[in-house]
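Pasting a structure here, questions to come.
Order as written gives the chain letters A, B, C and D; numbering starts at 1 within each chain.
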C-alpha cells in the first residue's frame, strides 16, 4: 500500500501550485483562478512561451518557468489536460505583444484545448504558434491514430525555445526551432513499478517480479510490451536499442541526452544508467555533448527511467547553453 | 447562405430565454446524461454538464449579459472551462452560435442566421473532434436538426422561426434516440466497442436539448421535454 | 517487492560516481582509487572544503561539489563511512595551502574516520578543522551516547562554509561560521515507508497502514516513535511542533527552511508540505526568508519528508545567497 | 620511558619479519576471527582482516619498504583503508608502532622503544575508541602484553628482546582467551549484551596475534600459534 502526503485530493493541484510559488517568491507568481504560474517579473518585448498539461509530471511544467525558459505554465488535474479556458487565460498572460508559442505534449486533450485557446486568443489579436512534442517512440504506430506521445523532450523544446525567445527571435523562428527539436528528439521509457495516484492506495498497475514495462507512458498507462527485468546495463540497452535504430546516428555525431527519472528512481540508479549510456554511445563513436540526469518529467512516484536523445549542432548547443533561471533548471 | 431579410426573426430577448432554458434543461438532465456516459463511456459527462452550468451561473453573476451575443458568450466560456471532450467541443460549438447575426453582435439573429451558426458550429466540432456522422457523437443529432430547420425555412416563406425550430427539435430528438442503435467510434465510449449499442449517446442527447431549448426560448414556453433522455 | 536499477551491488558506488562525473564533465572529476569527487578546476588560494559519508543520500555530498560549495566529496558504501584512508586522500586533495574544513555528519564511523584523517594529514602540514553537523532533534537524548544525528542541515553548512571560503575567509573563520549553522539549525523527519537497499527486495522496515515513523533517520533505522498517519497539513504539524519547541523562535524572526524529500516523495507532496509550513510559520509571525524544497539528503527511496529550520541573520543570508554552481544546487 | 641504550635490541630486518609474519597469521586466522565476530558481533571482522591484508600486499608491491618504519607504514595504511571499527583503530595503532625508535626512523627500535610504541598505540586506540580495559575489545589483550613486556625488561637487564616478547605473547593470549568470560561494552558486540559471553573477542585475539608475530619476527621462527583462536 502506497500512501500519499496529501490533504483533500480535490485540492491537490491548487495547493501544490501555491506551495511552489511560496517556495519561489522572487521567481514565480500564481494566477489561482486559472491555475497557471507566471514569472514574477514578466518579460517584455519578446515572444511569449506557454506550456502546460496534466499534473503529476513535476517539475514539468511550472518548474521551468523563469528567465530563459517558459513565461507561463498552466496545470490541469493529475494526468488531465487543463481546460481551454485555462489555456486561453495562460496564453493571454504569456503575450508581451510579439505573439505566443504554445508548447504542447501530444495528447488528445492537451492538443484540443491548446488549439482552441490559440484560435480564440486570435480574437484579442494575439498570434499563436503550436509546437507539438511527440518524442515517445514506443507509440510510433504509423499514420493512423493519435501519433507518438510527448514526454521528456518537452524539456529540450522549452529550453531551446526559451533561449531563442530571450535572444529576441520572432514568433515564427521560435516555433521553427522548437519544431526542429521536436522533429529530431526521441525518447524511450521503462518502468519497474507504476506510480500511485494521490489518495489511492494501489499503484496504477502491477508487474511480475521478473518483468518490466517497456515503452511505458507518463500517465500510468501500461506499455504495449513487457520485457525481462535485468541489470542497469541491460535496462539501458533495452532503451537504447530502439532509439538508435530510430535516430540514424553515425560515428562522430554529438547528442544531447536526458536520463530522466520517472518519480521514485533514486540518483544512484540514474547515475548507473547515465554511465551505461556514456559507455554504449562512446563505443559507437557518438559523443554525449550535453546531458541532464534527474527527475524532469515524472509520473507521480513511478519507478522507472527514460532516455531522450537529440542530435546536437552548433545552434542547438548554443541555445541549450544559454543562461536559464527556473526552479528546476538553472545555469 | 440564406439572406438575412428573407428569414423570420427570432424574438427579442431570445439569447436570454434560450440560455436560461438550456440551463434548466441541462441541470434537469445531468443525472441521466451522466448515467448514459457511465453505461457506455467513462461516466464523467454528467459532472461536466453540471460544472459548465456552475461556470455559467458565475459568469452571469460576474458580468450580466445584455445581448444575444453576450448571453451565448457566457455559455461558451462556461463550457470551455470544463474538462472531457465535451467541454471544449460544446464550448467551440456555442462560440459559433454566439457569432450568429450581425457583425456588431447587437441584435438577435434571424432563424436562418441561427441555422447557419449551427452549421458553423457543427463544422467546428468536426474540425476539432474529427467525428463523422454516425460515429455516435453530439453531431449525430445536430446534423439532422440543421437540415430540418433549413428545410422548413426554405419550404415555406411564411414558416415562423418557432415552427422551424419545432421541426429541428423533432429531428434532433429522433436522431439522438436513434444513436442507441449505433456503435461509438469517437470519445471514451469508442473504447467499449459494441457495448455502447443500446445506449443513447449522451452528447447527442445533450445536443437535442440545445435545439429544444432554442425552440422553447423562441416560443416563450421555456418547456423542454427531458423524459426521453435515459 | 522493490527492485533496483543496479548492476553488481558491489560495484554500485564506484559505477554511480563514474556516471555522475560523466554527466558533469565540465564540473567534476573522479579520483577512482579513493572514491572521491573533486572540482574539475581546483580552487586556488582558499580554504578547502571536504565532506563525505556513506552513499545512498544523494545528491549529498558529491552533488554539492563545485564553485561556492565543496571542493571534495568522498563516498563510502551505501550507509557506511568512507575509510580513514579515503578521507585522508580526499582531505589532501581539498588542500590549496590554506587548510581544510571537514564537514562531518555526526555518526560514529564518519567522525572516527574524519578525525583520524585530520590527525594524519597533519603529517603533511595540512591544518584541518572539523565541523560536526548534528541537527536531528529526534536523537537529542542528552549527555550520554553519540548525540544528535546529522541530516539535512548539512546542506546549509556546506553552502555557507563554501561561500565563506570562496570569499577568502581563513580556516578558523570558515569553521566558525559552519559551527554557527550547525549550532542553530535543527531538523525533524518522518517516513511513510522505508527505503530498500540496492539488491534487496524488501524495504528496511514495514509500517502499518495508519502509522508513520516519526523522527526517522537516513540510514533506514526505525524511529523511536510512531505516530498516526494523517494529511499533509497534519504531517507538517507533527514535524513542526518539536522544531518550534526546540528552536525558541519569536514573532518577527526570519528562518531558512528546507523541505527535504527522503527519496520517493514526489514534488506535489513536498509542495503541500512547503505550503503548510509557510502558513503555519506565517501564523506564528515567522517569515521563511529563504527555502529549498526538494530531495537534497535522501535515504535511498524512502518515502518521507524532513523539515529543517535555521534562524537567519544578515551574515547567514548573504552567505546563503552567494553564487553557487554544483550539480544539485546552482544560483 | 626506558632509556634506549639500556634496552636489548630487536634484530636487523625486524620490521620485515614482523609484518610478513603477522600477514601470515592474519590470513590464517581470518576465518576463525570472522566466526567469532559472527557469534557476538556483526560478522564483518574476518572480511576486514582480509581486506587489510589485500591492501598490505598492494602497498608492498607498489612501494617496497626498506626500513622498519616503512614496513609498519605499509601496514598501518593498509588498515586505514578498511571499514568497521577495527580498520581505523588498528590503523592508528600500527601508526604508533611505526613511530617506534629514532626520530629519523631509519633503524630498528629497541625492545623498550617497541614497548613504548605499543603503549602509545593503546592510548591512541582508547582516545578514539573510548574503551576501557575489560570492555571486551582489542586493548584487553594489549594492555597486559605491554605490562608483561616491560616487567620482563625491567626485572633483568640481561633479558633478551625475544624473551621479553615471549612473556608479552603469553600474557596477550591468556588475556584474549579470558575475554570469553566478559560482556562487550564497545563495538558491535556490545549490542548483543550478555550474548557475547562465552565468545572470545576477535579484536583481542587479533591483537594477541600481533604480539605473537612480533615475537616470531624477532626470533626468526615466523611461527605463531593460531590454534587457540576459535
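Following the convention adopted for this analysis, a contact is a pair of C-beta atoms (placed from the backbone, for glycine too) under 8 Å apart; a residue touches a chain by one contact, two chains touch by 3 or more.
Remember, predicted model here, so these are calculated numbers, not experimental data.
Greatest Cα centroid separation from subunit A: this falls to D. In terms of their C-alpha centroids, the spacing between subunit A and subunit D amounts to 60 Å.
Inter-chain centre distance (subunit A to subunit B, centres taken as mean C-alpha positions): 37 Å. Inter-chain centre distance (subunit B to subunit D, centres taken as mean C-alpha positions): 93 Å. Contacts between chains trace an open chain of neighbours here, each touching only the next in line.
According to the touch criterion at the top of this document, the contacting chain pairs are A-B, A-C, C-D. Residues of subunit C that touch subunit A in their complex: 1-8, 12-13, 15-20, 22-23, 55-56, 58-59, 63, 78, 192-193, 198, 201, 209, 229, 231-233, 235, 259, 263-276, 278, 288, 291, 293, 298, 300-301, 303, 305, 325, 330-331. Taken in their complex, subunit A has these residues touching subunit B: 76-77, 80-81, 83-86, 88, 108-109, 112-113, 115-116, 119-120.
The touching residues of subunit D, counted against subunit C in their complex, run 77, 80-83, 85, 87-88, 91-92, 95, 128.
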